[in-house]
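What follows are several structures.
After this come two complexes, each holding chain A, first together with chain B and then together with chain C.
Now for the complex of A and B:
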């Protein structure tokens, strides 16, 4: 039997006065962590607001956990844990009050796990939220989402503003969530290091359009930077799947998004070095290529 | 009303508990001051009036304005509820939060006028209308705050509704069929009284219904 996709977006459009999210299609399977990466203003938060029912699409179809959004958002949100970096808790109430409040709404609230997270994150339930540092606040918000044991976690820049140790702790918790194969995470960030660490699928978005979406390993295998030294008087022909070409005299640097040994054979003895690319490098090259292609 | 709605209403009560208790105590102290003689009656009633108006405004500002401004709204909207649910729960919750202190302080003021020997009972109809006005005025602020996300517009709304208090006292209080009976020994529950009360009720019904038909039907929640 085919499992219901946790996220299905088909040709979604959402227009604002100065920004339009155009023709966005996205799938997230159960058990996957999708890194949703884009520069500032790319449309990540708009996409997430559409997925959580806060915005209604102008066109296209959105289904989350099998429920049509935003019409069936009440049902869908029972199994969604949503955290965004600009989400705040009530300053004059304690973390303990928040925990009780959320526990009273979600039957699946895991009190034991919540207590474990309190200890692991070094939080104090009796402390007023207004007294928490920004890192502690981020952890508190995540605790409230994680202890619901949601089937789908939607995280909008959850680690922004956190120190490296706190980020490490949180990313570890996200990995723990995925021990249950029926759970999944959509993780939006412009921090490619975090995304590379935990995601198994990556989607790049830029200026309201989907740039590329694939498995992380696929990205890392397909993209290469090739350094060449051309013989004097020889010009390099146009090559397929080369998204960037920088030449300095006889030295050429090519970036390809479809690397294959055949390409190296074709380039021959001039190849000086073939470099694997980090996700950040792939992201930048991908976005720049996308902008060039669209004439932006 | 489902469990989530009850929890969210209880949340509004909990987060505003000190405001609710403080305003009720301040209003009751004002009425005690008013009970101590004719000069202190004016001071006490002015303080009572200010307490009720300020309570309504602060309640709406804290529960709707600050939820947006301090971004706690995002947390609430991550719970299993729709835009429409949020608006409907806010209307009911904040109306209930206001109703308790309003009912106690209104009953206190009306009782004070009825039992104070040196005050004419002819003042009672105007006192009842003034209490009704506070409730209607609060519902206007509540309705306005649910329809606008702009802090500036909410501020303008608050200024206008505060001005309405003065306008009400001087305009409705100056109506001959009310004003002529203020010093009568017995209250005159005449047609003017019922007309003004009807207008207050109509304002209440319209402003409390409007969010269900407009704000609750918005497709986007910003």
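Now for the complex of A and C:
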């Protein structure tokens, strides 16, 4: 028996006057965290609006928790918690009022968990929202989504603008959700350090197109930077799976997206160093390479 | 499905010794493997001890599930832990496992010393002399 995928996007297209999301396919399995990474204007928020039923695709198929979107969005949304960094709570009402309001709409509301989160996030239910700092506001919005116990959390830039301590607390809370194998999280971010730490799968998008999508460990194993020193008078042949090559006299730096020990034995004694790459370095190299291949 | 706040705090403190360093160039799964190995070598985690579940450790360290899975799988391939399907992972019941790991460690250090010796242009005899001197220094202490 295969479990229902939490997110399934097939060849989705959405065109605007100055921007088109093209041929996007995406899968998220239960129990996983997906980091959704792209530069500004890549199409992250458009994708998230499509997933939450706020936009309808021009072409392609979208299923969230097994429900076709946007047709069955009412059903799907019962189990989706959506948080975006531009969400604003009512300034003149207290956090406690918001908690009661959300609890009255969603039957899955877990009051005990909500109270635990209030304590852990150091919030005050009796305080007016207008008096919260931006970090407290972000935590309050997240609390309202988490305490509903949604099976799928969709978070648009959840840690942007937060200080390191608040980010640490939020990441801990996300991981806590994932103790349950039937829950999953998709979060968009350009903070690659957070993504590298907690994601199981990573998807890169750029200028409306999917660049690469794979298991995190797979990304980190495939990409390497290789520093070479060539013997005088020797030219390096064209090599497969080399996405960038920078030469300065006898010194060459290669970036590969399909690292294998064979490559090192082929290059032989000239190899001075083989370096792993951080997710941020992989992201930048991947996007640059993708733009070159597409002739942008 | 969720533990109470109290037990979550217990889990945090139970594995609080395992750290992921962002300035460490090694991948996260290797850092985790090494810290688990160290606990087994030191005898802190005895043979037969049950390891935390993958999801519990992931939550406690705020590290993705796939990273912990990778660390456990590699430790299993090394024979350091055994995973019984549906029951969890345990420190392997291998006699002398700790000693084996210690010996691996010693070989690693000796290889590093040999490499450095070569770089400095030491002959094997000179290097061996230095090792003997180091042993005498340890004995004196």
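We take it that the second predicted complex is superposed on the first by the 296 of 296 C-alpha atoms of A that agree within 3 Å, B and C clash if a C-alpha of one lies under 4 Å from a C-alpha of the other, contacts with A are read in each partner's own complex, and residues count from 1 in each chain.
Operating definition for what follows: a residue touches a chain if its C-beta (ideal position, glycine included) is under 8 Å from a C-beta of that chain, and two chains touch if they have at least 3 such contacts.
In this text, all values refer to a predicted model and were calculated from it rather than measured experimentally.
Asker: Record, for the superposition on chain A, whether partners chain B and chain C clash or fit.
Answerer: When both complexes are placed onto chain A, chain B and chain C end up side by side without any clash.
Asker: Considering only the touch criterion stated at the top, classify A:101 as touching first (chain B), second (chain C), both, or neither.
Answerer: A:101: touches chain B, not chain C.
Asker: Go through the superposed model and pick first if A:216 touches only chain B, second if only chain C, both, or neither.
Answerer: Only chain C; A:216 stays clear of chain B.
Asker: Touching A:175 in the superposition: chain B (first), chain C (second), both, neither?
Answerer: It touches chain C, and chain B stays clear.
Asker: Per the contact definition in the header, classify A:52: touching chain B only (first), chain C only (second), both, or neither.
Answerer: A:52 sits against chain B, while chain C stays out of touch.
Asker: Would you sort A:20 into first (chain B), second (chain C), both or neither based on which partner it touches?
Answerer: Neither partner.
Asker: For A:160, is the partner it touches chain B (first), chain C (second), both, or none of the two (neither)?
Answerer: Neither: A:160 stays clear of chain B and chain C.
Asker: Tell me which partner A:87 touches in the superposition: chain B (first), chain C (second), both or neither.
Answerer: Once the two structures are laid over each other on A, A:87 reaches chain B alone.
Asker: For the superposed model, what is the least distance in angstrom between any CA atom of chain B and any CA atom of chain C?
Answerer: So the smallest C-alpha to C-alpha spacing between these two chains is 23 Å.
Asker: Within the complex, which stretch of chain C touches chain A?
Answerer: My answer: residues 1-3, 5, 8, 20, 22, 25, 27-29, 55-56, 58-59, 62-67, 70.
Asker: What residues of chain A sit close enough to touch chain C in their complex?
Answerer: For this pair, the touching residues of chain A are 31-33, 113, 116, 119-120, 168, 171-172, 175-176, 178-181, 193, 197-201, 215-217, 220, 275-276.
Asker: Which bits of chain A are touching chain B when the two form their complex?
Answerer: Where chain A meets chain B, its residues are 52-56, 70, 73-75, 77-78, 80-84, 86-93, 97, 101-102, 104-105, 141, 145.
Asker: Which residues of chain B touch chain A once you look at their complex with the stated criterion?
Answerer: 3-4, 7, 11, 14-15, 70-72, 74-75, 77-83, 85, 219-222
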